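One chain, subunit A, appears in both complexes that follow, with subunit B as partner in the first and subunit C in the second.
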Partner chain A sequence: MSKKVIIVGGGVAGMQAALSLKGQGIDSVIVEKSDRLGGKLCDWHKLFPTFTPASEVLGPLKEAVERAGVEVRTGAEAERIAPDSVLLKSGERLSADAVVVCSGFDLFDARIKEEYGYGIYDNVYTTADIERMMNEGAVALPGGHAPRRIAFLHCVGSRDEKVGQRHCSRVCCITGVKQAMEMKTLFPQCEVYNFYMDIRMFGPGYEELYRQAQEEYNIHFVRGRISEASPTFDGRLQIKAEDTLVGRPLKMSVDMLVLIIGMRAGESNGRFAQCPGVGCASNGFLAPADLFSGSVLSPVEGVFYAGTVTAPKNVGESMSEGAYAALRVAEYLGARS
Partner chain B sequence: MIQWGYTINQPRAVNLDRNDLTAARRIIRQMPELQACIACGSCTATCTAGNLTQFNFRKVHTLVRRGEYEGAYEEMNKCMLCGKCRLVCPRGINTRGVVMLIKRELGEY
Partner chain C sequence: MNFYDGFIIPFVVGCAVLFTVVLYKYVRWFVRLPAADKRLVRRNFFSMQTLRGIGEVFSECLLHRRIFRVNPLLGYMHMSLAFGWFLLIVVGWIETIAYLGGRLVPIHGHVFFKYFSTSLPHHPVWGIDFSSVMDALLLFVLSGVLLAWFKRLRSRAMGLRRTTKHTLGDRVALSALWFVFPLRLLAESLTSAIFHNGGFLTGAIGDALAAAMPLRTLSTLESSAWWLYSCALGVFFVSMPFSRYMHIFTEVPLIFLRRWGIRSGEKPKSFDHFQLEACSRCGICIDPCQLQRDAGFNNVQSVYFIRDRRYNMLRPEVADNCLMCGRCEQRCPVGLDLNTLRLNSRSRLHDTPSDRRYDYTAGIDRSSGTGKTGYFAGCMTLLSPKILRAMERIFNASGEEVWWADREGGVCCGRPLKLAGETNAATRMMRYNEELFRRHGITTLVTSCPICLRVFREDYRLEGIEVLHHSEYILRLAKAGRLQIEPGEELFTYHDPCELGRGCGIYEEPRELIRCAGKLVEPAETREEALCCGSSVANTALNDLGQQRIARSVGASLGETGADAIVTACPLCKKAIARGTDRPVYDLAEVVERHLA
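Take a look at the complex of A and B:
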């Protein structure tokens, strides 16, 4: 009898895991809570640092999954996990020889940072909104005008104890730089300001992109966190920050405020952690067996992780983890047969 | 009129709605590399003048880029043009050239 692996989540990590398992002759079932494969990447327009359309990564991956004949169950949300089964919300229990959890992350809800007025003022956006507008082909102010001044605010929902998010979400710095450049390209007359606490350019080509944004795109980087946004009489927003590098308060009005939202732990992590032995780290992400050679292993035999379920990661890292998890699953199943 | 000795403080905030950024843009156009500054402070750390006076090159050029020109020319006059800052800058900015440029552009302030 052939072994069966259940993959919880059909984002890039889950799809890559399924493909790599198939390559080793192991069948898997992808259990995806939404009605489509692709996860968060479906809503993204272009990827840092190369401005590659997200569809160029997602399209071939989806096709390969389809070609490989991987069983995909959409609209199926996992409620509980165990090394030998996954219980769905519907009450159905799927038995398995191993489980790979690739359930990803949740975007930080910017309304929680009320002082920035997301959901209160029309001209406050999140990075996810910008991607959606780019996908729809129309970035414009509510009145249809082109913005003259845009402020990006880094670390919304990251490194912020006030909202219980102590961790750094890593990928938002480069996302902010990428989107600032995209806005400058769309609106060359527009002034773009990025307000940051630290700029963390961890990946290949990221630092180079940051420098290009500074030198060639004339994007202004101000080290200081915006304290609040308030509406002006003419329907714009006034923002206040400290320009910490000159030690003076700074204020300005802008047409658009873009909140660069972070990644928070997936809301399903708590339920999955009820499987004995599985646990969350203090930031809510699932804690792998160790951070080095066991980064895709849970502390429980037969339960594996891949992608942003364990920590914020970029697309490439998530896919690599999907492939690596598949390798470790194959080793585990091979040793048991 | 009786003077009671009270005054009103001017707001300290850098107000980017009021500041005239024309000169700042002119400076940036001539030396776009200045925008690559990551404010590491090595220029100020190695500065000969900064060791003897309050001169802080990093702070002055940042203020200039925000349209705060007042006193920038006088500050830049403290520079002895030794060029050590240029040797240490990790972003490869011609810092000595920036001093000359700001002095040239902001002489009237």
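Take a look at the complex of A and C:
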């Protein structure tokens, strides 16, 4: 009898896990809550640090999944998980020999930081809005004219105790640098400022991109967080911040304020953690068995993790984890048969 | 009749120490009162306040009326001990007078009267059977002692989830007190066993004892029992002025001084001693404290703060770790100004004036607009632009011309600094804002922040300017017909901000406005008993995790009402509660704005 694995979530980690399982002769079913595969990457325009279009990563992956004949159930949201089954919201129970949770993360809701005025003032955007607008082909102000000055604010919903997000989301620093460069390319006359508290360039080519942004793109990096934003009479925004390197408060009028939002733990993690043995870390992400050799294992036999369900990760890391989880699943099933 | 026996010595020595120390303390504190306080005493000594004070002494020091409100059984326990003991003393004196007429009786005469009066004929005087009256009173006190023992085992049954952790000195005094009355019962019963002069209680026990043992044993036991009784009293009296039992006497001068108008202030002064030593460490303040219930702090509550300050061992970790929500003050049976005491402790610990720190405020004026009505947003409203926008629309809808004091940034109202104990710096901010308000000639000052409101009302000199919270102001607009609020079907619950409710006594206006816009349902703990959001600016020691724990507990309590949305009237509460609930949280102004016709 052939073994069946259920993969919860059809983002890059889930798709890669399904492909790698197929390579080992194991069938899997992807359970995806939205109506399409690809997860959040579908809404992204270009990827850091190479400006590779997201479609160039996503397209081949989707085709491979289709070619491999992996069963995909879209519009199916997992409610509960167990080592031997997944209960869907619809009430249907799918039985399984192993479960791989690849349900990913949620974007931080910028409206929670009310002082920045997201959802209140017209000219406040998030990094997700910028990607969407670029996908739609036009970044423009509500009036239609080009921005003359843009401010990016790092760490919105990351490393912020006040909103219960103590962790670093890792990828937003480089996203902010990437988008700043994209804005500068779109609007060469525009001044671009990035307000940060630390710049964390952890990946290959990231630090180089950060230098390039300063040296070639003339993007200004100001160490200090913006404290609040308020509208001006001419429809722009006034931001208040402190330049902590100079030690002075500053005020600035900008046409656009872009909030670089962080990754927060997936809303479904709490439900999955009701499976005995499965648990969340203090930041809400699911806690793996250990952080070294067991990074894709849950504390429960038969339940595996891949991608950002356990911590913020970039696309490459998530895909690697998908493949690694498939390997551990194959070992687990082999040992059981 | 001779009133001397060796065993009276512990009692007499105890009494002498007690009265010497208490008198020394009171004279010292009184002499050190500031001249203004002494003037108040002189002015109000011969007034109705003194008479009212006598009434309050009777109802609070003896009957403990306020404790009855917390829990009837707890109230009875305190009353039986205080009032019962008081009656034992008073009736004891009357008894000696009844038997001996005007003869001078030493202080211990009535206490040990049963022992010394064996030579007197045992029959009612003035038609009163004093032995039985005294027995009844003793029984009354003993019932309180029994309850005190019971409280050790099952404090919950008496309305206290947690009780005070006592110091060694308190334990000694407490143990002595517990033994005083059972030993009195035993000593009097033994005397009655020999001389048959007891009432219904001591007489009955005495007869039983007489039947059980020979006379020799009885008389040995009798002598020992009187010695033990006197020792228990002596130990209690000596420890009294140094332990929590100092409250028994100190509440009396406190009540009168308070009646005459003396209050604690933002700087420590001699009157504080009367407050500190009037605390009985009953522990009623522990249960309402959310730092204890939700954040796991067991050593910062008012009872411990007062104790630490009294014994000069107050640490900043204790003084600073308080939300100053006023929930304990609300319950305190002695009516101590717990927040003011906490505040002036902080002022002693932190107030290091730096003359140049706020020089930058000189000459700054970023206000805009003209109008007789001024609006002061305050820093927390500026960080909650939805409230600011709602206020702007409300002003527009009512056609009010507004002077915006700080929309483009202004100087802090000063209350956060004051609460942190930096009173001198706070005063500089206050004087700056007062001058700003006067310069622009406003007659009404509206603020949407209860923290600002409280300091405007309590510490600012704003004669001629009416200070209003936005709840009062908006309701006034609505009643004057300048604002049409359309009713809706939404079910709201309301969170009373500490500074607005217990701080400024504003409970009704926000509720009335909410009822204009929808339906209102009250949480379990509301109005004077309302919970604190946990993010109070008064607490400079609590970390974010502690604040969130309190917020979640408040969010859960508000959520239990089943309301669609939570409404509050403070930008800080709004931000804090939003972190502890998944229901929407609105400021009152936002609700009104959404229902504008």
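Here is the rule we use: the second predicted complex is superposed on the first by the 337 of 337 C-alpha atoms of A that agree within 3 Å, B and C clash if a C-alpha of one lies under 4 Å from a C-alpha of the other, contacts with A are read in each partner's own complex, and residues count from 1 in each chain.
What we mean here is this: a residue touches a chain if its C-beta (ideal position, glycine included) is under 8 Å from a C-beta of that chain, and two chains touch if they have at least 3 such contacts.
Every value quoted in this text rests on a predicted model; they were computed, and no experiment measured them.
Looking at the shared chain after the overlay, A:218 reaches subunit B, while subunit C stays out of its contact range. Using the contact criterion defined above for the overlaid structures, shared-chain residue A:117 touches subunit C, although it does not reach subunit B.
Using the contact criterion defined above for the overlaid structures, shared-chain residue A:245 touches subunit B, although it does not reach subunit C.
After overlaying the two complexes on the shared chain, residue contacts for A:186 are found with neither subunit B nor subunit C. Shared-chain residue A:140: touches no atom of subunit B or subunit C.
By the touch criterion stated above, A:253 is placed in contact with subunit B alone, subunit C being left untouched.
Shared contact residues of subunit A, touching subunit B in one structure and subunit C in the other: 240.
Residues 199, 211, 214-216, 218-220, 223, 240, 243, 245-253 of subunit A are the ones that touch subunit B when the two sit in their complex. On the side of subunit C, the complex with subunit A involves touching residues 382-386, 389, 407, 409, 544-545, 548, 575, 578-579.
Taken together, the subunit A residues at the contact with subunit C in this complex read 112, 114-115, 117, 120-121, 161-164, 227-230, 240.
Remark: subunit B residues 12-17, 28, 32-33, 35-36, 38-39, 58-59, 62-63, 65-66, 68, 91 touch subunit A in the complex.
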